[in-house]
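So that we are looking at the same thing, I have put the structure below in structure tokens.
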Amino acid sequence: MNYETILVDYHDDLATITFNRVDKRNAINDQLLVEINHVMDVLEKEESNRFLVLQGQAGVFCTGMDFDQVTQDILSGHPLRFNAKDYMATLKRFNSTSKVVIAKVDGRVLAGGVGIVAACDLVFATQQAQFGLSEALWGLLPANVMPFLIRRVGYQKAYTLTLTTQNISAQTAYDIQLVDILADNLDDALQSVLKNLRRVSGNTVAEMKSFFKKMWIIDETMENAAMDELQKLIQSPMVLDNIKNFVLHQQLPWDKEK
Amino acid sequence: MNYETILVDYHDDLATITFNRVDKRNAINDQLLVEINHVMDVLEKEESNRFLVLQGQAGVFCTGMDFDQVTQDILSGHPLRFNAKDYMATLKRFNSTSKVVIAKVDGRVLAGGVGIVAACDLVFATQQAQFGLSEALWGLLPANVMPFLIRRVGYQKAYTLTLTTQNISAQTAYDIQLVDILADNLDDALQSVLKNLRRVSGNTVAEMKSFFKKMWIIDETMENAAMDELQKLIQSPMVLDNIKNFVLHQQLPWDKEK
Amino acid sequence: MNYETILVDYHDDLATITFNRVDKRNAINDQLLVEINHVMDVLEKEESNRFLVLQGQAGVFCTGMDFDQVTQDILSGHPLRFNAKDYMATLKRFNSTSKVVIAKVDGRVLAGGVGIVAACDLVFATQQAQFGLSEALWGLLPANVMPFLIRRVGYQKAYTLTLTTQNISAQTAYDIQLVDILADNLDDALQSVLKNLRRVSGNTVAEMKSFFKKMWIIDETMENAAMDELQKLIQSPMVLDNIKNFVLHQQLPWDKEK
């Protein structure tokens, strides 16, 4: 498969997906989700591959839903190609695969990008990382992010990030446990952890993920509530207007209202 | 309505309730809960009002259940006017209203006062703030506080605070996420956060609160368990004796037992 | 009863169990669980006893399941004497007894030892303490530890400790709330906390523990899932081989595979 939205590199037991939509600040469109899942299909046939690293570029990791694509769909009358179900299914897949899924963050993470990070098994970040949930500014909510973010940072921090829409620094993200390892050189830090991780078999990783589902509160009801919420909000005329006006006229929702 | 237990100030999009029972160290009696709810009735008819700030005085925010009123009721044979249901309903209302509810804490917070703080959307505090759950000393439990405190600080810290009955400093409260923003000047700190919060619509705040209920473990069963527990304990003769002996004779339960 | 695996000391209102299998690094065998429960039987008939302290020696607190005993059972064809049910029942008992159960940790805590610590009401530790979940290295999981560890440190930290199998320092354990009080002199630190704890009656402690069960997610389904998982894994031929090869030949699972 020729990938349009990602670069893929295989090296020993480690595969690396680099988000490669630099002109779109690595926003998530339908194709990106398809391609991530395609890589995982390949990996899951390769027992010798043990690790999947997700990264962006220096400066930007992933900035969430692709508003340009949403606007194209609005203008052309095309049903929205963004689908809460595909996004949720991808995050859930990180939590059932026998591969250890690792985020390497060296820049901005926004909205749905925070969900990708939060769903990873391990999160490495540099001081250049920053994280923010901007959804509420548009009348949206980071609904599908929440099960994964709450599991990582607790209810209240996830709630406060949603409500205030403020960005937090890498250090703060580390303090609240959104980031596991904060380092200047992410490759060195990763190699040091891999040494231990290679002693745990892929079967044990898969068993672990399956077992941990029974130790926490995320269930199908919660997942469906999250998906339904996002599908509802993303179809609201006000939200679609907010997105379209921003993409076409750089008009921000809170300026419009004044 | 003429308020007996609070002062209310309206300024632009922000309403401020100041607990005003200084001689009772801002203890919670039935009237205080009625009056808070009355202010919320008023606010919820005013779409232009967006924020509700709760505060006490320098030195004391709120010290929980009004033991003087409990003692009056015991002596007069009056059914207890304190009602776990009214207290719980008030905290729950903070979590469903479209207003952003904010605690500004510049002094002591005890027992049921901790529940008020924990249920707020955002908690600002100065270094003069301190927090403690003294209930167990009286044979009571901070039952109605728990769903909200556990949601904020996690199970174990809520448990430890209950068991040890020890006060914690503002800094510790910040470290365990009972306090969101620690600042010398709470008004400046608040204004800085309000700038962002004003960009999120009231409808989105209400939608957010409704959605977040589906992302966490508090349900009707848990709320009822909490209310039933408090109603049970507050009717126990030993507890009533402990309270009465303290109010009338300044006798502490642990001195009595020796 | 003559204890083989522990030393027991009674002093005023405080009982101390010292794990006393120094040559086995205080590993948990069936007898250790029987003896802890026997002490609790005794204590629960003594209302005047209020506190139960668990400790090891300087250097080692408890290192989890006794692999030597498992290996003996494998070689002799004896059904495994280690039983997930007895282990879980002991931890659960800490959470229902009217005694305040306190861990004093001055050394290494591994695997099932971490569960004992996590289930205690209060955890005191020196800087010599360290904590690690080594199970996954053997193809096992700290299944019965998880309900108690997640309750203390949150889902993600418990997951990461399980996945990476890395030891953490006393300071890190304190930062993530596995340790409540970090001190050089544990006896002084304990006495200081006991002063407050003595003001809370045993009845209130028992009521508290019973009430807190309703405020969190551990239920019979989760407990059974944890016990079933451990029973399943500990009977897997690969795991038994890993344990046996280590005990008899000091062969580590990850060396074998290479």
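First chain written, first letter: the chains are A, B and C, and each begins at residue 1.
Methods note: a contact is a pair of C-beta atoms (placed from the backbone, for glycine too) under 8 Å apart; a residue touches a chain by one contact, two chains touch by 3 or more.
Nothing here was measured: the structure is a model prediction, and the numbers come from that model.
Enquirer: Please state the rotation angle, between 0 and 180 degrees and to the nearest 5, that superposes the Cα atoms of chain A on chain B.
Expert: A turn of 120 degrees brings the C-alpha atoms of chain A onto chain B.
Enquirer: More than half overlap in residue numbers between the two sides of the chain B-chain C interface, or less? Answer same or different.
Expert: Mostly different residues: under half of the interface numbers shared.
Enquirer: Need the CA-centroid distance for the pair chain B / chain C, whole Å please.
Expert: Taking the mean C-alpha position of each chain, the two centres sit 36 Å apart.
Enquirer: Taking each residue of chain C in turn, which ones touch at least two of the other chains?
Expert: 154, 217
Enquirer: For chain A, which residues count as touching chain C in their complex?
Expert: Going through chain A, the ones touching chain C are 100, 121-122, 151-154, 177, 180, 193, 196-201, 203-205, 207-208, 211-212, 214-217.
Enquirer: Provide the residue numbers of chain B that touch chain C in the complex, in ascending order.
Expert: Interface residues on chain B, with respect to chain C: 136-137, 139, 141, 143, 146-147, 150, 154-160, 162-166, 217, 221-222, 225-226, 229, 233, 252-254, 257.
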